[in-house]
Amino acid sequence: MSVFVLVHGSWHDGEAWTDVAGELRKLGHEAHHPTMAGHGIDADRDVSHDDCVASFADYISEYDLTDVVLVGHSFGGSVIARLAAQIPEKIRRLVFWNAFVPAHGTSVLDNAPPAYQEMLPQLAALSTDNSAMLPWEIWRDAFIGDADLARAQETYRMLTPEPVGPSVEKLDMRAFYDLTTVPRSYVLCHDDAGLPPGDPQYGYLANARRLGVFRLVTLDGSHEVLYTNPSLLAEKLVLAGRD
Amino acid sequence: MSVFVLVHGSWHDGEAWTDVAGELRKLGHEAHHPTMAGHGIDADRDVSHDDCVASFADYISEYDLTDVVLVGHSFGGSVIARLAAQIPEKIRRLVFWNAFVPAHGTSVLDNAPPAYQEMLPQLAALSTDNSAMLPWEIWRDAFIGDADLARAQETYRMLTPEPVGPSVEKLDMRAFYDLTTVPRSYVLCHDDAGLPPGDPQYGYLANARRLGVFRLVTLDGSHEVLYTNPSLLAEKLVLAGRD
Amino acid sequence: MSVFVLVHGSWHDGEAWTDVAGELRKLGHEAHHPTMAGHGIDADRDVSHDDCVASFADYISEYDLTDVVLVGHSFGGSVIARLAAQIPEKIRRLVFWNAFVPAHGTSVLDNAPPAYQEMLPQLAALSTDNSAMLPWEIWRDAFIGDADLARAQETYRMLTPEPVGPSVEKLDMRAFYDLTTVPRSYVLCHDDAGLPPGDPQYGYLANARRLGVFRLVTLDGSHEVLYTNPSLLAEKLVLAGRD
């Protein structure tokens, strides 16, 4: 049985994983899902990407976790990659789920399509704390298209403004790309239009391909299948996370 | 419950949707599937793309339909895009199913791979009315590869020659790309080799990506799953078409 | 009912097909799965691509097989393409399963991603017979990520070193690309990361697209679904192989 540490993506906090964590526990695994610095209600949004990484490094240290299956969703992919490079001896496997895997020297936003690159700073400029809320239209169709309207609305209300700083930081990814001892998996949802599907440069698989050798695990569902089908996602995370 | 208007693609007429429309009605929805100008047996093939669009505009007007979920298959994608730009107030959502979404100033044929761009005018030159019949080999494997031979033959006999004019017209798509009020979905069949699958320029997802923000709904089946699995397609059209 | 001749890929021998062949027979088909020259335990690894092709030409001739559904897995794609060009009158249909379809004048290795292009000759240089064993890490994650660890280990022990010669030969594919009488299908596993998934140049679909008109049949599973889900693969081969 595995020890999962689940790292959420933008606009989410650790609560987003509640149902998936419950399913993982039902399957006999341990599941942790803390909240990233700068995320959740009332958080200080003035954080760096290092702060985001530190949230999980500190948690793993505090709870003395080892042999961790470290799962990163979306923006969380950039976090687990850099975290694994810091504490490789504690990480059994990396699991990227519809996640960013930034090339060295790029920001997460550099890896998002041009429309997002334009939108995010514009939204941030309207805020008082350099944060951006995800527009409803994007959430409803591109992110959670597999939910009915009521569930899409209910989950939208759980989102909080995303600190833009960590997404525009150029990231030092060298230690991650030098890391050869931690195996990795990529979990891909067929119905995810959060990034432009199939795009040679900006699609999910363009991120996955930067992993070199990796295990691919696919499933039906949207970018937010953690809300719409948590039992299926949990089952696939187990397949992705096993040795 | 929704009001579906189903727009067929090349070589088809409205009858192609009969089984899907029946399934949609079983699920409690209203389903309309008129035939496009220039299509079907004995039609005058000397039509323009505007004529194709007008068939459905007229139908919607005649039956006084509103809140329409407008579905376009294949060539029909170019029709629903231009129609929505004409009567956005009557359209609740656009659903493109393995469909063309032409860039402004391009023809549908410009968005087909080079082999089709060569073949279609050659076939049309052999006709007396600038139409082209789909070669059996393409139908059987690239279009309806998920049918058994008998069903492939039976459905091939339902096809009629396609007027080539509307496919080679350079289309004014500006009003469509300026349209921001009508949400859109893209339904993608995993086993469709009608367009070259995964092609960065000519594949289905290259068309889908022109939609900007959209909902993605995938399913198993070929370009002609309306014949081979109408109940599954109907179910997915409902998921694609809901608010 | 069909006559299947199953052509294995690199590191395998004919035994790899045992379970799939059994499933095909249960479904009422005939299934043959001889071993390619240079492959299997104790084989002489000093073989050419022509020798690989000849293994199956000779087998088909010896058993006087006609109307063959010729299936090629991975490297085997290059073999069935060239074999079909030699004896088109005996081949009813070609089925490429997550297979290479080399452009004329390229080697199989030219169609593998740069990391493999580097690795294979390096591994061969360490051998005494210009052969290369597949590294465990690649097998476990990129090839057979859908197996549990025990099954991955057990099947890894069935692999044998691959003769590198046939993979680096520049292949004359003109007769294949001139061949228009033998229809072809491409079977694609969603969870196969053996080649970089979705890669515009090196992905499986980049190979499939060279077939021109073809039937596409997709399924869940890895590059080695012949071990992990032989009944599903057999079922899909039947759909891919029928007229």
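By written order: A, B and C. Residues from 1 in each chain.
One rule holds in what follows: a residue touches a chain if its C-beta (ideal position, glycine included) is under 8 Å from a C-beta of that chain, and two chains touch if they have at least 3 such contacts.
Model, not experiment: these values are computed from the prediction.
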item: Degree value of the rotation bringing chain A onto chain B, based on Cα positions, nearest 5; value: 120
item: Interface residue overlap between copies chain B and chain C, same or different (over half shared); value: different
item: Centre-to-centre distance between chain C and chain B (centres being mean Cα positions), rounded to whole Å; value: 36
item: Residues of chain A touching at least two other chains; value: 190, 198, 200
item: Touch list for chain A against partner chain C, complex; value: 183-186, 190, 198, 200, 203, 205-206, 208-209, 212-218, 239, 242-243
item: Contact set on chain C toward chain A in their complex; value: 115, 137-138, 140-142, 145-146, 148-149, 190-193, 196-200, 220, 222
